[in-house]
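These are the structures, in structure tokens.
You will see two complexes here that share chain A, one where it goes with chain B and one where it goes with chain C.
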Partner chain A sequence: MIDLIREYWLTFLIGQYPNGPLGGLAMTIILAFCGLLASFPIAVLFALARVSPWKALRIVSGTVVNFVRGIPLLMLIFWCYFAIPLATGYAVSGFWTLVCALTIYEAAYLSEVVRSGIQAIPKGQLEASRSLGGSYALTMRSVVLPQALFNVLPGMASQFVSTIKETSLGYVISVNELTFAANQVNNLVLTQPLQVFTILACIYFVLCFSLTQVLGRIEAAIRRRRGLI
Partner chain B sequence: MTFLSPDQIEQLLWGLRTTVFLFAASWVLSFTVALILVTVRAANIAPLRWAVDIFVAYHRNVPLLVHVLFWYFAVPEVLPEPIRFWLYDHGAEFSLAAIALGLGSSAYVSEDIRSGLRAIPHTQFEAATALGCGYIQSMRYIIVPQALRISLPPLIGRALLLFKNTSVAMAIGVAELTYQTREIENETFQTFTVFGIATVLYLMGTFLITAFGSWLNARVSVSNGRRA
Partner chain C sequence: MSDTVPGSTPMVRFDAVDKWYGDNHVLKNINFEVAKGEVVVVCGPSGSGKSTLIRTVNRLEPIQKGKIYLDGQDIYAPSLDVNAFRQRIGFVFQQFNLFPHMSVLDNVTFAPLKIQKRPRGEAEAFARELLERVGLAAKADAFPGFLSGGQQQRVAIARALALNPPVMLFDEPTSALDPEMVGEVLQVMRSLAREGITMICVTHEMGFARDVCDRVVFMDEGQIVVDAAPDAFFENPDHPRVRRFLADILPRH
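Let's turn to the complex of A and B:
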């Protein structure tokens, strides 16, 4: 196993980068980061729509969110894989297909996280702001959302970890990420699948486990600060 | 929008059938393993507790697809030859995918059950003992019924995720719904028809599980059934 790591560590980390496309662990992290970053504004909009005073908006956003949450991510990836080139007229790379699918999928889940944060803010605050003459938009923007988003930071962090895990599905549409790189190594070596896939599992484990620990610390710090206020 | 031939519809339904079987097999496995994990962890012997914690942490931090690939490519290498040949003769993809899915889900299920158990105050156990119940009796009549009620909603959520995650098994060639969808798409190029049907089938599955979950929840919930 040591020999395997010595020979292929660069493939696991960055794929064929200097001589080919970027891949491996670096690509996995970039994918997860892009997915979460792009889904965040959409998630906030959907969360606002789901708690809005207009019934039609609530119904439409609720239907969209439940639809996305009701189908497997893999299905969504295939939908993006076929629909985006048809809709835009361009051949889209696997990277952007996966980013799109992850964005839609994460936005649906993240919007539920944000919504729970918004609904946890006491209604009295909204009423107070409204009776002071603040409009609905102003109240949401400067009273409810800042507190709600801060409170759901831990939820968003764990969403980031699950996004990292979900990028592995890019393997199915041949996106150059970590699982894909491991499979390439496996095809080159041929005789040591046990070692190759153990290394792969270890990399994911170290990455996600350490992230979870760090984020847990941050969450505890936030709780402590909230408690002191 | 064009329609599929009867053969292709049948192929899709076979895929759906495999998806349902895969879901059922991996759910039973995950629940069984989760109960074992909870029991072992409750024994409060340090090395066993660490082993369970490592098992849970491993399955929560490694992607499902990696579990599936690991079980399919790596595990048969270390199995004794007779077992390996037997597996390959009896649909290795299906059983290995079911094991990977079931074990992956069991880590989460065990945590859900454990947090349900933890939510029951210890005084209830003491009260049951004071009334003359043994360990098994207090568990059977006092603790577990309440704990199950508390952990029912997260357990339904897990079942839902497990149902959707069965699609990952297509990566190793299990002929489930997503796999058959791709096959038919490759043959006919009727992308939107076939993916639309598959999506509706998945939505129906998740809807049925959700509906069953809320029915069960309403049935066992104490606040609804309590008589004054």
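Let's turn to the complex of A and C:
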């Protein structure tokens, strides 16, 4: 296994780059990061829509979120793969297809995390801001969301970790990411599939675990600063 | 307290106000006035509607019948800007409701900076002055999580004063506090009362009522049953419900 790592670590890390497309772990991180970056604002908007005072907005956003949560990601990836070229008239790369599918999927799940955070904020916080003369928008922006997003950091972290793992499904539409790289290595070596996929598992684990740890520490530091237990 | 001008517009006026929660009739035909500069204590057994009453004054609770006026203005007039109207009323909650993600100073400057868009220097200077007045100037940069209940409530009072409202409403401001912290909050309220700000306080602190307020309003089952000067209220409680209430509550103080 050490030999495998010694020989193919660059493939695991960056795929064929610079002699081919960027791939491997680097691509996995970029995919997950793009997915999170795009899905976060959408998730916050959907969460706000789901708790809004306007019923129509609540119904529409609730329907969308529940629909997306009710379908498998793999199906959504296939669907994007065929639907985006039809809708836009352009051939879209596997990378953008996957980013698009991940964004839709993560936004739906993340919006539920954010919504639970918003609803867990005591009513008194809202009343305090409103009784000072703060508008609904200001109250949401300056009082409710900052607390809600902070309180659901663990939930958002685990959602981000899921996103990292879900990028591996890009394999089915030949996106050059970590699992794809592992498969390439396996096709070259042929005789050691168990070892190759063990290395793959270890990389995913180290990445996800260290991310959870870092986010946990940041959260604890903020908690200490604010005197919250 | 003494600058009440006879015959001037009352600061707060309830005109035949009714409120229901579903079938539950929580405020029944409330008629009541608070003059400018007056300090009124509202008391009564729990469930009598006193918190609901005070929360209707800044529209935290809607009413179903009647009218409420703030300084002569109908607070349900369609033309009324509710956010501007609320800036004229300071509200202090039983549970303080400080913003835990902001420092003490940021809590107090929240309304001047974010709602009224005043210059930061001016807002902070006034906030520090207010914190000085409630005895917490040294805690300006602390987060509420590091403060005791009494300190938090004093910050909450400073926050409510940050827009210089002519009226302050207190909804059981000492009920969530440990007994040894009640005094520091009452002391701040006493000094406010002396400054001539109009105050309506829902409280069970009968010592405060006796010493500081101009009138005591006693509520029972959604109605105002007694509205009297403190001397008359405490010395000759002619209503049997008041006598029972005082007998229940006074031995504790």
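Everything that follows uses one rule, which is that the second predicted complex is superposed on the first by the 218 of 229 C-alpha atoms of A that agree within 3 Å, B and C clash if a C-alpha of one lies under 4 Å from a C-alpha of the other, contacts with A are read in each partner's own complex, and residues count from 1 in each chain.
Just so it is clear, contacts are C-beta pairs under 8 Å (C-beta built on N, C-alpha and C of every residue); 3 or more make two chains touch, one makes a residue touch a chain.
Keep in mind that this is a model prediction, so the values were computed, not measured.
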Side-by-side fit of chain B and chain C on chain A, or clash: fit
First, second, both or neither for A:Val214, with chain B first and chain C second: neither
Could you tell me if A:Val143 is touching chain B, chain C, both of them or neither one (first, second, both, neither)? second
In this superposition, the partner of chain A with more touched residues, chain B or chain C, is B
Please work out whether A:Leu37 is in contact with chain B alone, chain C alone, both, or neither, and reply first, second, both or neither. neither
Quick one: classify A:Leu200 as touching chain B (first), chain C (second), both or neither. first
Check the residue A:Leu10 against both partner chains and state whether it touches chain B (first), chain C (second), both, or neither. neither
A:Trp79 contacts which: chain B (first), chain C (second), both, neither? first
Could you tell me if A:Gly70 is touching chain B, chain C, both of them or neither one (first, second, both, neither)? first
Using C-alpha centres only, what angle sits at chain A with arms pointing to chain B and chain C? Round to the nearest 10 degrees. 100
Contacts for A:Leu132 in the overlay, against chain B (first) and chain C (second): which applies, first, second, both or neither? second
Nearest Cα pair across chain B and chain C, whole Å: 23
Residues of chain A that lie at the interface with chain B and also at the interface with chain C: none
Given the complex with chain A, which residues does chain C contribute to the contact? 58, 60, 83-87, 89, 91, 93, 95, 97-101, 110-111, 114-116, 142-147, 159-160, 162-163
Quick check on the complex: what are the chain B residues that touch chain A? 57-58, 60-67, 69-70, 73-75, 77-78, 164-168, 170-171, 178, 181-182, 191-192, 195, 198-199, 202-203, 206-207
State the interface residues of chain A toward chain C in the complex, per the touch definition above. 122, 124-125, 127-135, 138, 142-143, 146-147, 150, 225-228
So in the complex, the part of chain A that touches chain B is made up of which residues? 67, 69-75, 78-79, 82, 161, 164-169, 171-172, 179, 183, 186, 193-194, 196-198, 200-201, 204-205, 207-209, 212
